[in-house]
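Same chain, two partners: chain A is paired with chain B first, then with chain C.
Here is the complex of A and B:
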């Protein structure tokens, strides 16, 4: 039999309609074995429906799902080698932590001693030793999340699905939990599919991200690729902060496109072989790729514009400036605070903004 | 200074207001529960006499002007001496228990079905459960007489089908009492069960299913234990009125359908032995209240134990 390492999970032309509403629209996706894969999208983008289809809690209207080479499209949830961790954990409130975690094994009909042993090992993995007798209402949010994780891992599924695993945790806890989740993933080697609306979470955790909008994937790739080379204005805007500046094509041929971008001080050249039908384009520039300084840049090769600081936010590790350029456009700039000195650039200061030309991205709609 | 004074005045007024609000239910219970109970208890300690009222007074004014108190426990002793009362109590408990069981068995699936149906249908179904309350309870029990009697609807239908060639003896039997009780008390079972089941988080069932539970296993492991408070509430709401029921056994039951409500009625209105009737009522109350108090205490302990 062919190895399914590359196409461990195969989603082929899957659609799901709820009456008139199309939640998932003809989606194709292949997830590798052992991958930590995130589906990122706003609420209503269809990401949770897709996850529920993988879990078997929804039957797709069209298309098929293969896991490890076996067709799972209409297999019941209790017969799938897949477990899911629900958004608000869905712990059984009338059962102790031990019984919650042991539930999956009990349904398999495993002997008591083996269950005891496995649950203890799982409690150690999620660092919850000594909590087995507690009821879910006696646990903190972070502890509940660990119980839910342990419960969904105990059957050693081929795939673990996580629906917004961090959404109910506060920010500090979320960060430490993210790293723990990655450790557990590395230790067990199980394929993780995470659904989230939190782009930071997706970026930190994932090997690859699929960005979903209106039931379809708009871009799939590594966090780095999607961040630095977004395919569209939507993706660029969705992932992190970005300046989206209007531009008009003035000239295009087989090798390059020339646009006029008023905000960045005039003509810009892009080496791009793909020609555009529309003349209205967007030039995208990440705030951290802009250098802000009070004196004129000495390097004449670098492009720059002049402006006035209109807003200024101090975040400790970095400062964010909103600069009104001479042409009247607003550009956001972030600056790492490397020195322990008072902020030298403040409101109403006249500043120069400069950037490397290859930081600029030309995007269509 | 004056500001401080105004503040204390306000807080006193606020406190009075609070006491008043809290006092309302206590006053209600005092007037309409405790006071009648004390009166009935007083009567149960008297001797029956042929007079108006038909029992001896508690306080007697002697010819010398001094007061004396007259009480007797004869009525309570009498309840234990005549086995009729013991048998009747037992039979009431049996009838109420079986009726409650059937009400639960019929009511649970109905409540479950309503709780699982889509929102607009749900309201219509709930309305259908409540609609019988718009007709007098007595009338509804009377109509069951029409359905159950020898030439009534059921017998007519079965004869017409040819299933039977002799009409069945339905009316004036224990079966008729069960039918009447289950029918009458079904809404009291359905409503608390519905209120409980509609709150059940569907994701818990999905989680059970995801972890390997078949549909029925999910029901047994999750739905049933979580609906226990609803089951208990519904059973108490049916069992308590059923045990003292008078109208249903009087109208649908036979001469041998012994229920404490009927005995109570007979003692009061046929024998005009108010003291014994009062004693019967007091014992019935104790029989009902003590287990319920014990049960609630145990449940409270369990919940506080879980929270500790």
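Here is the complex of A and C:
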């Protein structure tokens, strides 16, 4: 069957209410086969509810779910070709690592020898050979996470759902685990749906990200697309650091909008065909796209403003400056520390900020 | 300063324990007293134990009490587990508050009231449907199940609320149907709580005097009822022997419960 490579998972108009509270609000989404898809949102945005709907642990109040072309809306969790890895891992405390991983196969009624073989292969995949006899309380956080991953992968589900897979790990471990997770995804070719509140994690892992707020998706796209072309102020602010500067429309026609942005020294032109009803807009500029220098930029074509360094943070690989411009606005700048020299720009220094005009983004509400 | 303070605490602890346990210790020692007078020491002997085992009244009462306690504990554990499960796992249903109130009320109800109301129930049942034909072991057992169940329900509920629901969801996600989940995951995890509940019900039933006195009939005398009636005629030394046996049984039960619970806790936490 030439089935649904593009719409492997199809979420059609799904809503979920808990009493008065609308957790998921009329959501549509299509996820490709083999994709590593992240749903990113703050807590309470409805992302976990959506994941639980995919797992069958919640039944949607409205709408339908299709997986590989089959309607799964009211199929029980034990009959779905989907497995979930819980945030707290939910390892069975009274079973050994082996029995935990083998549980899904035992319920399928698989023969002992094949179970043995499969569990061993899975233990090798998550690099936990030799741990089969341990009980969950004898494992570290990282090891528990691997067991949980192995347990949810052993039935070779069509879709693996991961609820905040890295939340309980410390930062160093999280980074290496992220790459291992990507390797496992590449090796097995299973469709992964990850729910996370950690934007870095979503950016590193995913082919595509959906940003969720108040039960709805505000933007769906590749990490690169969302980062560089956020649709709204909310998305821009949610993903990474950004300067959001007030601006007012002074002129607009079919091809361009002209705004006045005091923080960036006056008039800015944007090639944009979409007209805006509101006059108050936001100009967004990523800190890493601003050049900070002590001397005036030589290129006269480039726009620049003058300011004074108010705060300065040294992170080793980069430095972050907060600069108060002459107009009194605060602009954040990050600078890659390419040279192995002492920081030349310090507190109270007078600096010039410059940027490429196409780094600026004009955003509505 | 610190030393002085800790010495004070230690002394207070010793006094507390002495107050609790010296009477029990005295009962045990005096159960081996050879003298016919309870308060006079007449040398070591096991004659009261021998006498006890030759006393048919005592033996019958003991057998009755242990039978009632075992049946009570078993039924109270089954029903209390069901009630506790519903309280912990079903968040919303009509009459939940009433249900939880009704489960907890036997814990705070004065025994006299429970005993009296059950007696009235049994009498009016007998008048209307002719059952129970006579009051005795059956009515005592029902009465004991009624109040022990509440204790089990509370134990199971508190244990289950500690157990993360995602364990059960994970099992379901891996292909286990709800009954299978109950059997594979939930029951093994709450098993120690069930054992504690069973032992607690057993002890409560073995210990109960008031309710049993209300709902019992002429033929059935439980051990506490027997002891109480004997003591009213004056304390005889064989009571000490009987009390010692009860202490040993109850202590053993509690130790087993503690051992099972700690073993399970080690594997869970």
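We take it that the second predicted complex is superposed on the first by the 363 of 365 C-alpha atoms of A that agree within 3 Å, B and C clash if a C-alpha of one lies under 4 Å from a C-alpha of the other, contacts with A are read in each partner's own complex, and residues count from 1 in each chain.
Assume contacts are C-beta pairs under 8 Å (C-beta built on N, C-alpha and C of every residue); 3 or more make two chains touch, one makes a residue touch a chain.
Predicted, not measured: the structure shown is a model, and the values here were computed from it.
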Q: Answer with clash or fit: chain B and chain C placed together on chain A by superposition.
A: clash
Q) Is A:151 in contact with chain B, with chain C, with both, or with neither (first, second, both, neither)? A) both
Q: Return first, second, both or neither, reflecting whether A:248 touches chain B, chain C, both chains, or no partner chain.
A: neither
Q) Touch check for A:78: first (chain B), second (chain C), both, or neither? A) both
Q | First (chain B), second (chain C), both or neither touched by A:302 | A | neither
**Q.** Touching partner for A:90 - first (chain B), second (chain C), both, neither
**A.** both
Q: State which residues of chain A lie in both footprints, the one left by chain B and the one left by chain C.
A: 55-57, 76-78, 82-84, 86, 88, 90, 92-94, 103-104, 107-108, 135, 137, 151-152, 155
Q. Tell me, which parts of chain C touch chain A in their complex?
A. 164, 166-167, 169-177, 180, 184-185, 188-189, 264, 266-269
Q) If you look only at chain A, which of its residues touch chain C in the complex? A) 55-57, 76-78, 82-84, 86-88, 90, 92-94, 103-104, 107-108, 135, 137, 151-152, 155
**Q.** chain A-touching residues of chain B, taken from the complex the two chains share
**A.** 201, 203-204, 206-214, 217, 221-222, 225-226, 306-307
Q | Of all residues in chain A, those that touch chain B in their complex | A | 55-57, 76-78, 82-84, 86, 88, 90-94, 103-104, 107-108, 135, 137-138, 151-152, 155
